[in-house]
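Down below are the structures I want you to see.
Next come two complexes, and both contain subunit A; in the first it sits with subunit B, in the second with subunit C.
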Partner chain A sequence: MSRTEASLHERARAVAVSGAVLGIVAALAPFGLVLRQTRIDRGAGVSLVDALGAWWWAIVACWLLVALLARSRLPLRPRGVAASLLSGLAPVLALWQAGVFAAAYATKAGDLSRVSLGPGFWLTAAAAYVAVFAATAWLEPGLLRAALSYGPFAGAGALVAGGALSDLGILKEYANNADAFGKQFALHLGYVGASVAVGLALGLALGLLAARRPASEPAVFGALNVLQVLPTLAFIGLLYPVLTRLSERAPVLASLGVRGVGWAPVVIVLAAYAVYPIARNTHAALTSLDPAVIDAARGIGMAPVQVLARVELPLATPVILAGLRVALVQTTAGAIIAGLVGGGGLGTFVFLGASETASDLMLLGVVPIVALALTFDRGLSGIETALTRWKEPA
Partner chain B sequence: MRARSVDRQALTRWLGIAALAAATAWMTFDARGFERLLRVLAPGETSWLYPTKPLTTLMAEQIWLAAAASALATAAGFALGALALTRFGIAFRDLVLSAGSLAQTVPTVALMALLVPLTGYGPEPVIIALTLYGILPIALNVISGIESVPPDVRDAATGIGMRRWQRVIRVELPLAWPVIVGGIKNVVVINVSAATLGAVVAAGGLGMPILAGFHDYNDAYILQGALPSIALALLADRLLTVRPRWERG
Partner chain C sequence: MIEISGLTKEYGGHRAVDGLDLTVASGELTVLLGPSGAGKTTVLRCINRLIEPTSGTVCVEGVDVATLDPVELRRRMGYVIQNVGLFPNMTIRENVAAVPRLLGWDKRRIAERIDEMLELVGLDPERYGGKYPRQLSGGEAQRVGVARALAADPPILLMDEPFGAVDPLTRERLQREMRHLQARLRKTVVFVTHDIDEAVLLGDRIALMRDGRLEQHDTPEALWRRPANEFVRRFFGENLGLRVIIRYCLADVRLKPLEEGATALPRIDAGVTLKEALAELVGRRARALAVVRDGAPIGMFDFDVLLASLAEEGDGACS
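The block that comes next holds the complex of A and B.
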């Protein structure tokens, strides 16, 4: 083990301890859960310790054990496995017991009442993120480390799927909007897919153009940069009169649903934002290839198209994928705007919730957006790592 | 030859900045002139200026939201970056990096909306949300700026007898300054643009007429908010971005 690795492992101790301390603070914080008489009530806070009955000590014990493990002399592997398991367990336990508490509260306070996850719970989740981040640093990269990092998400998913949380506010909102949720979720994914597909095609083309004709580079990236700076609302606003008139003049477009509001401006704007990271990375990847490799490919008689398709693009793929990942995450978050301009998608719940100050309805939109973005981010970076390893065997 | 082409680049840049500044100022202060333009662009409407507030107020609100959030994010980002560089804090460096990419997955406007139950409608949720988004990029630039100071320079400063804090203030900070300022400028550019979204939580700013226009199907209101906010965002970008973005890596 190198000296820097050893010091990294030592440093992770302090991070894990601070995660555990944050976890205990979060459990004691006054707004662990928020109790409301109605769904739009301002609500009163109750700490996790007060809400979770006898279970509070299990959560605090998790954090205390994490802190002890972090200070212990146990070998790296058992220390890492135990500390990440316990850190991941704490928020899942809290979530499960919050569901139990919500069920009891509902029978007591009536059907209109709501129990929502409050800042104290989200802080517990943040504490777990910190502690798991530190504890997995003691493990070698691999399947075990991945399982321990993503285990808490699986746990939360299992609780939702198993119905243990169905009395929590966010899932009550889901139950009230189940049909709409499925439709808006699919629509959101559709916006992301369409915009990123257009962005990918244009980004590859413009990146290639800028790499092949350096004279075009300032114009290409200058224009993309201007698009990048435009405020989302203003960009959609600018398209509004243009698209309205287009749809009046061309009945074909109108029959496709192209209007000043709706799907058309959303996809145009999101695609325009998505081009930049892909074009930039394509350009960077193609201009940084080893010229000797390209000479060799030409030397064995490959045509320029073959060199591009069979040598340059495969070598550039990991870097282009990194750009695609940025575009995907950005677009998944950005597609929320569709809910504001009559385009639907998960943003619908966020803006409807904002107008009613109903936090649970807002979360019904935000939580799936974040989950989608994280899935795209982790999935694509996994593919990037796999491709890089495959290209450069250690 | 080289010098002349640099001069020409600088000249084009300043011409662009002057044009954008003039356009922004004209739209903001010459309400009648701007209304004449809106009448031409949206001839079908019967009302061309957002009635609730004049553009001077909306522009001031937009700038105030962006400035307040940028100032708070700079202060907090500096503190966090400095903390992450102390002997104790260095352990948290990777965590800050990782949390920064995690924060990208939460839409800005969603955070503004989620803050409303805590803060009420108005400028507060916007300033808090934009501050939170700005802290990590600034902290990251403080960290990478200080870390980019060559070890030789650091050793030399220690060698001539500087204390640790003297070395930080007189050697490391000046050398890291361009990177740190670059990070702050990026955050300001993002905030000037994102403040438009503040209209969603009734914070004021140039998004207000845009939303009112969508609501009333009034092209003129939409353009009255969109054109100045675009001019302002481009002006901030041109003014603060010295090197073109694609060369920044």
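The block that comes next holds the complex of A and C.
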């Protein structure tokens, strides 16, 4: 074990303890769940202590054990397994019991009433994220570590699928919007996919250009910087007259649905934002390669294209993927804007919920976006590790 | 054969190479030697057109390289550099296979060739083939560098301070192996170094450069016996003679017949170099050594033998 690894393991103790403390604070917070008479009511907070009764003690016990394990002298593996299991268990227990509480509340307060997950619950989830992150650092990368990292998500998914949560506000909103949800979810993914694909192609090309022709670097990144700092809505506003004019002049575009609002400005704006991190990282990766390796590649008779494809790009891949990851996560969140300019997507629920002050409807948009962003982030870093086996030391 | 004539390379008015003429005979190893900034590497890189000369020509086997496709040209020349430049994203096998793959060899032939090359440079293909460059020591990486350069069996090998970045013990071992390898393969080699010992040990001929010009091009022994000018004499210093005798073996010199009492003398194997034999005399404070071959004494070595052997110019055949 290297010294850096050992110090990482030590620091993870403190992080896990902070997670556990945060978890206990969250369990005591006055807004664990929010109770409403109707879906647009402001509602009243109730702490998890009051809502969950005896189960509250089970959740606090989880956190206390996590803190004890983090301070213990137990070997890494059992310590990591136990602490990540318990950290993951706490929010799943809280979620399950919130569902039970919601069912009881619904029979008491009537069909119009709602129970929403409040800040106290989300804080519990955040605490679990921190604690699981720290505890899995004590484990070797592999199947066990992946299972423990994603276990809590699977648990939440199972509760949703099993109907245990169907009396929670967010799932009642889902039940009312089930058809629209599937469509908007797919549309949201479509925006992300299309924008990032365009961003990747342009980012690679511009990053390569800036690396190969240093004279072009200030122009390339100057332009991208301007796009990057332009606020989304202002950007869409600037595009509006241009796209409107274009669709009037070119019926082909109009028949494809290119208008001042709708999908076209959304994809253009998101793609423009996605270019920057990819171009930046491509440029940085290509210009920081070991010159001896490039010299050797040319010297043994690789043509310029071969040097790029067989040596430069493979070596730059981890850094480029990191840029792609930033672009994906950023675009997943950014695509909310489509809901505001007639483009649909998960943002539809967010903005509709905001206008109706129906916070559960907003959550119906926000929760899947966060889940998507986390999935992309983890998924790409997994791919990164898999593609860079050559980086491992002896 | 490589013929360089009138080679000049200017960088913003500064002449890195200044009208250089040099011929490297086939099957010979020529060392380009000189202080830093003498233009050695520039000359080497003009041969495979990593650098285009300002004027002058480089001909390989009678063909001006300027008329050839540089990529094709480089595939016919092995290339080894100081920082090795192994591809970190490829396994050792893939690194060695790089040029044969570029040349479109079929897979079986490549696989066989990789094993052959790794064994040639003293690495077990089973053990090293699947590793990545990051997992090798400096010396191992440099061996792989040589294997990669030799993989497509190019007639010409260009080496730019190939052993410059490894520790002294490893460097010495690599130099000896290089000498054995070259004795077997007889490639046409251009070898850049600023290490005089390395130049004397490996070079059939040494081309001593200063400020982009050639000062003298000759065998190591001739450089010692007949330096062309004061710069050559000063560059090599007084102890060049001591260095040159590393090129001779005890087996090459006329030993004294065994005298009575020779059995009491310290013994030394006939395969060692004169330099090692001299070191043995000094180290053991002995007047003479008994030279043995296959365990049987064949003669005696002392200072007189050494002096007599230096009386005539030889060809330095000991490997």
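To be clear about the criterion, the second predicted complex is superposed on the first by the 371 of 394 C-alpha atoms of A that agree within 3 Å, B and C clash if a C-alpha of one lies under 4 Å from a C-alpha of the other, contacts with A are read in each partner's own complex, and residues count from 1 in each chain.
Following the convention adopted for this analysis, a contact is a pair of C-beta atoms (placed from the backbone, for glycine too) under 8 Å apart; a residue touches a chain by one contact, two chains touch by 3 or more.
Quick caveat: nothing in here was measured; it's all calculated off a predicted structure.
S.K.: With both structures placed on chain A, which of the two partners, subunit B or subunit C, ends up touching more residues of subunit A?
M.R.: Counting residues of subunit A touched by each partner, the higher count goes to B.
S.K.: Please work out whether A:S72 is in contact with subunit B alone, subunit C alone, both, or neither, and reply first, second, both or neither.
M.R.: After superposition on chain A, A:S72 lies in contact with neither partner.
S.K.: Report for A:S166: first if it touches subunit B alone, second if subunit C alone, otherwise both or neither.
M.R.: neither
S.K.: Counting only touches as set out at the top, which of subunit B and subunit C does A:T287 meet: first, second, both, neither?
M.R.: It touches nothing on subunit B or subunit C.
S.K.: May I ask you to decide whether A:S359 touches subunit B, subunit C, both, or neither, giving the answer as first, second, both or neither?
M.R.: A:S359 sits against subunit B, while subunit C stays out of touch.
S.K.: Where on subunit A do the contacts from subunit B and from subunit C line up?
M.R.: In subunit A, nothing is touched by subunit B and also by subunit C.
S.K.: Within their complex, state which residues of subunit A touch subunit C.
M.R.: Going by the criterion above, the answer is residues 290, 292-303, 306, 310-311, 314-315, 389-394.
S.K.: Report the residues of subunit A in contact with subunit B in the complex, numbered from low to high.
M.R.: On the subunit A side, the touching residues are 11-15, 18, 42-43, 129-130, 133-134, 137, 217-218, 221-222, 225-226, 228-235, 237-238, 240-241, 244, 260-261, 280, 283, 329-330, 332-334, 336-337, 340-342, 347, 350-351, 353-354, 357, 359, 362-363, 365-366, 369-370, 373-374, 377.
S.K.: For the complex, give me every residue of subunit B touching subunit A.
M.R.: It comes out as residues 41-42, 88, 90-92, 94-95, 98-99, 101-102, 104-107, 109-110, 113-114, 116-117, 189, 193-194, 196-197, 199-201, 206-207, 210-211, 213-214, 217, 219, 222-223, 225-227, 229-230, 233-234, 237, 244-246.
S.K.: For the complex, give me every residue of subunit C touching subunit A.
M.R.: Its residues touching subunit A are 48, 50, 71-79, 81-91, 98-99, 102, 132-135, 145, 148-149, 158.
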